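One chain, chain A, links the two complexes that follow: it is found with chain B in the first and with chain C in the second.
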Partner chain A sequence: MSAPTVVDSTPRPALPAREGSLPARVLRGAATPGGGVVVLVLLLLAAIIAANPVFGQPESLIRFVGRTAPIAIAALGQYFVIVSGEFDLSMGAVVTTQVVIAGNLIGQEDSRVVPVLLLMLVIGALIGVVNGLATTWLKVPSFIVTLGTMLALSGFVLWWTGGAAQGNPVDSFRQIGRGGIEGVPVVGVLPYPALILTVLAVGAAWLQTRPFGRTLVAVGDNPEATRLAGASVWGLKTRAFVLSALSATVAGIILVGYAGVHPSVGRGYEFTAITAVVLGGVVLGGGRGWALSAAAGAFALELLFTLLTFLGVRSTWRDTVQGVIIIVAVAVAGRAWQRRATRRRPAAPDTAETDPGTTTGER
Partner chain B sequence: MMRTTIARGGLAALASLALVAGCSTDQSLDNPPAEEDPAAAEDTAGDTAEDTAEDQAGGGSDEWFDQAVYEEQDQQRSATFEGPEDQPWLQYIDGEMADTSEYTADGPQKVCFSNASIDNPWRQTGWITMNQQLQVLQDEGVISQMETRDAQADDNAQIADIDYFIAEGNCDAFVISPNSTAALTPAVERACDTGKPVVVFDRGVETDCATTFIHPIGGYAWGIDTAEFLLEHLEEGDKVIALRILPGVDVLEHRWAAAQRIFEDAGIEAVDYFTGADPTEIKSIISDELTTGEVQGVWMDAGDGAVAAIEAFEDAGRDYPVMTGEDEMSFLRKWEDTGLTGLAPVYSNFQWRTPLLAVEKIFAGEEVPREWVLPQEPISEDERADFLAANEGMPDGHYAKFGGEDLPGYPEVWQERIIP
Partner chain C sequence: MTGALRLPRGVPLTSTGIVYLVLLLVVLLSTVLTASAGRNFFSPGNLSAVLTGMSVLGFIAIGQTLVILAGSLDLSVPYVTSLCSLVAGTAMAGQTSNVVLGVVVALGTASVIGLVNGLVVAVLDVHGFIATLGMGLIISGYLASNYQGSAGSAPRAFRLWGATHIGPVPLSTLVMLGCAALVIVLLRRTRMGHHLYAVGGNREVARMSGVQTVPPVVVAHVLCSLLSGVAGLLLLARLSVGSPTIGSQGGYDLMSIAAVVLGGTVLGGGKGNVLGTLGGVAIFAVLDNVMSVMAVNPFLKDVVRGLVIIVAVAVYARRSTGGRPARFERPSVTDAALQEAR
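Then we have the complex of A and B:
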């Protein structure tokens, strides 16, 4: 695929997303990997409620949403990186670092909450910038760069904590992840993490429809073409890394409240987030996928784990399940998008677009 | 360290994105079990020679259960301890004594300490105490210096450390806190072969060549104390959630093997989970269990994460469970705040003082117990206030029975918690 200047003389077909009636479009969406994950979430939910009806009560459901919020937020951030054709492996280490920073710097001082919160966001953004620039300017593959960031941050945390638990920060800070709005009809307590997730999900969906989001997908699909079209590839990718590190930071802030300070918090988050993203039908290697599907992927994953727990499967199997899911989801998503793409473009079978699911191999 | 392991696997996993599962499975197989475990490293004294690290496959508790050792530890819980009343770190159960007259030495001697790790709050607290004890013995002219190597929970690193000490350390005595039982045995034997005194503490090795082996009673005793406490406050048919750090670490397994047996016999429904001491995981587990039904008791094989477990009940708006944690300050404080019915089993942290005091005795030619079994008494609700008051101002990761009140630097050194 070294010839990005293929001239496609056939007229582009109309965008199918605007074709047909609303129910037809919903059905068509559900048949894609990105929409299918919503169907999966509903199926899993039904299965869990069948296994344990209490889970279906609004109070339980909203608590589950609150609990899943950090991982869903991480998946939203990871989406932007993956759709641009890169990986962010430093996510878990960023979460841990932020958790430890919150624990050590805030302590029991209410007055430090806001300054430390701002500091954490700045640190998060900086990590994203470093990841982005090292990937785009130094041309180091992103999974090496972020692996390096991950190790550097882990070493820093180990040095700072000696690998052991620290004291929790002041309760007012922990309220962000532990508290909620009380007395809400139907659900009782509306957890703050659920609210934060809603706001960020809307923001991510909006961002995805903006020029930034659309160009980012184009970068993931074909960076060379996008560059020739005049887009700043390094700028776009760096911004994606910043979004990812910031989402890890927000996840960390929530986790400090939800769980407390411990060097194991955030462990494995990068893989859980990547699993969630691919489960949401986002193609590894970039160029295909929706932000909200990534968040839905996080819910599907957590629901699956909950179902396994309710069915009495030991938690030690969790990693195995996650491993299998990654393989299956990548395989299914790759094929499904491919089928869709070929069906959409019957007139141009031999263009550069024949196998969009494996764009990584072309670079 | 956990992170490093994931990272190593990470490259491969991303190449195919297939090895995610493999990464975590490997940790318990190709590394010493305590490596990524914050609390596991602390215990393990009870693992005497009959436990082998090959047993790591985990699974049912039967393979971890040794009736004879169980009964021995059960009796030791009520044993009479010899030695000074107010210095539990010098107490021991009457037994065979080792003659040390051949090691009698004049003037300050050099001690070489091979440490498994300081990667959990229990070991960090003990390490601080040990350094203050060292200061006393240096001032008294018993020890000239202590050269320490920290293996960071890596068997191979610790074997290399010990061999370095033997070859180039110029050591007059060895103090070894082994990372794992089977793997470190040959290295400890090589240290014994030098003819210098060897003091092993905390976890054991499969040889009795050491001059003395220092440890609190052990894992079964912990299991018996905690399970019997829960039984007192629960009824038949009640449900207990057992939160365990990870499978395959012998003494953690002993704690659970003993407790599980007692729960079974009493008709208590006990469900065990591995948490990796991750509070996020602990909260999810308990939330799910509370969604499924009532939970009357929580049992922990180490106190790390106890606060998260209690908070999960608060978040779900349920009554507090009957619970056993550990003598870590975070648990003692939360226990008092909530007023729940609880017990703080103790894996005597003061044992970190004993090895250097043993070295002092050995160089003086005084006999020491060949197996130095230290007291291991849980903290009950009645005693809690005293321990909270005595440890006021200590950080959450501090252990109430650290036994360093009479050492120089008390209390600032432990309050500041600067790891030497």
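Then we have the complex of A and C:
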């Protein structure tokens, strides 16, 4: 840390994220909504292990991670859309569509696994492109666009299947969701979904720090300013929708292994994913939040349900608890982000708060 | 399509105008399609079916318009509808003497829910999407825990309000139109209505102009829940039992939002009107009717609905970005700034 002779006469105030020692930074991070969710996860985990020590064993913990993987992956995808200021309500319908495609096109033939897998990814990307272009080019609010694709896709799937369960695809395909690497030390079986989740989480965190991720957050915060700064808003948002649809596709692939092929698989996934993302401290309307916090939000949600089960709460009350939790979480998070913003304001010079009108003039 | 929309010279076509033009188009198309199936779209029976189809979604969509105009959203409506049908049904328990009690209890419950929604959105500053999604989940958990299936029963006197027709027009549709008229008066002629637009358009500016920002949002949410409660009462009258799933089966949350946006109201709030919403509801009702007449697979209906929503809103959204009439000769800097801030 011996920065030598850099000619820098005006000492710039350090970025708040880089200020202070490591423990101080960790503490400050934990106080933000995005970090707070990690604390919440740890607290819930401790509570569950206190209620049922078996859950704390590595084997059952890793199984829990595998079980939560689809919703966490969906939350990672939804994160990119929400942070860019949009919604993706079609996620659940995409999951259902992919599950049904896998069931009907693969059947019992091993040779079809890879081509159909590719086809599913292509279809997922295509749905994302349609959502993105309809939102950005046709200027239809994404809430409405994805509501439309949701209705269209789920109607199509129900029509295709007649609303009934279909034959499951070949076992080798289902292994992606239900299988794992055996004989791993400590945890025993390492489920593939946990592995996929880890890879995708690392990927999402990497993407978030890339120019793409950073510009996307800027788009969510102020699309006009970002456009004037030279970013292609439509391209960024469309890519976010593609990521979201692809993550729903992956969630669907895993769910085929867990739940089998039925047109009700994936129902309500969009709202669960949005709940997880919001619980992770990502602000609806865009511009704030971290990808990994979104995944942590999914874990917090699932841990909460597990805790309720262990406490003997009837499963019918799950919805109620989920409802209370998201309202409280968002109310608290809103306060926390606000406090941070007001605390930071005195440090910034007054010019930071220029009139939007003035900024538009200086292109 | 855009060519057809540029009608008489000099007369600016409002968004509501477009909605009703689209409705006209849909009606014409439906007439042709219905005729090709060997039936008459304008037969009293069919018209009455279309109007009946409008009423439930109509009530909810009017309320949803208020909430969206105020800059919020209400995703809890289907659960409020179910809850009210159950509460009223069990309170009435088949006794004519209990009708008033049932109605009062149900609407009271609905307004309390609306009040909580409104306060959470306006005072706690929680995004309407989350506040009402949460409220919907809370009610849904309560419904699932306390009602295993249909419950309660409506006495005959109460069922009449779902079944009475005046000419081809069902009584329920007339009540719905009456509610719409009241809400239009509220929006156009009262201080509260103007404040509602102001707060929905830009809360900060409204606040700095001396508008109390909390009451309009709360009022919008209370009225929306009340109207969803009325829809629940109507469903109770039609089915004669209360059902815990009737609201979510109808998908009234998303369909009402779609109807509102189809009616030209801006999802971000502050711009739009109830008349357009009624047009949007009518478009859905006519489409549903013609698809039933043509015996379209019920699952494919959703596909058509989804496509219609996107296409219709696209036609309208493209236009409103380009051709917004300038309020002054040259938009002032502050005006431009306000536009940006939207």
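FYI, the second predicted complex is superposed on the first by the 333 of 363 C-alpha atoms of A that agree within 3 Å, B and C clash if a C-alpha of one lies under 4 Å from a C-alpha of the other, contacts with A are read in each partner's own complex, and residues count from 1 in each chain.
The working rule: contacts are C-beta pairs under 8 Å (C-beta built on N, C-alpha and C of every residue); 3 or more make two chains touch, one makes a residue touch a chain.
All values derive from a computational prediction rather than experimental measurement.
Q: I'd like to know which partner A:234 touches here: chain B for first, chain C for second, both or neither.
A: Neither: A:234 stays clear of chain B and chain C.
Q: On the A-aligned overlay, A:284 touches which partner chain: chain B = first, chain C = second, or both, or neither?
A: So A:284 meets both chain B and chain C here.
Q: Quick check on the superposed pair: does A:138 touch chain B, chain C, both, or neither? Answer first, second, both or neither.
A: second
Q: Who does A:212 touch here: chain B (first), chain C (second), both, or neither?
A: neither
Q: So, A:151: does it touch chain B (first), chain C (second), both, or neither?
A: Touch partners of A:151: chain B and chain C.
Q: One more residue to check, A:326. First (chain B), second (chain C), both or neither?
A: Touch status of A:326: both partners.
Q: State which residues of chain A lie in both footprints, the one left by chain B and the one left by chain C.
A: Comparing the two interfaces on chain A, one with chain B and one with chain C, the shared residues are 87, 89, 143, 147, 150-151, 154, 158, 163, 271, 274-275, 278, 284, 316, 319-324, 326-327, 330.
Q: List the residues on chain B that touch chain A in their complex, please.
A: 1-4, 6-7, 10-11, 13-14, 17-25, 38, 117-121, 123-124, 247, 273-274, 276-285, 287-288, 291-292, 304-305, 307-308, 311, 315-316, 330, 395-397, 419
Q: For the complex, give me every residue of chain A touching chain C.
A: These residues of chain A touch chain C: 87, 89, 134, 138-141, 143-145, 147-156, 158-159, 163, 224, 271, 274-275, 278, 284-285, 314, 316-327, 330-331, 334, 355-357, 360.
Q: Spell out the residues on chain C that touch chain A in their complex, using ranges where they run on.
A: Touching chain A: residues 120, 124-127, 129-131, 133-142, 144-145, 254, 257-258, 261, 267-268, 297, 299-307, 309-310, 313-314, 317-318, 321, 333-334, 336-337, 340-341 of chain C.
Q: In their shared complex, at which residues does chain A touch chain B?
A: 52, 54-55, 60, 63-64, 67, 87, 89, 92-93, 96, 143, 147, 150-151, 154, 158, 162-168, 178, 255, 258-260, 262-265, 267-268, 270-271, 274-275, 278, 284, 306, 309-310, 315-316, 319-324, 326-327, 330
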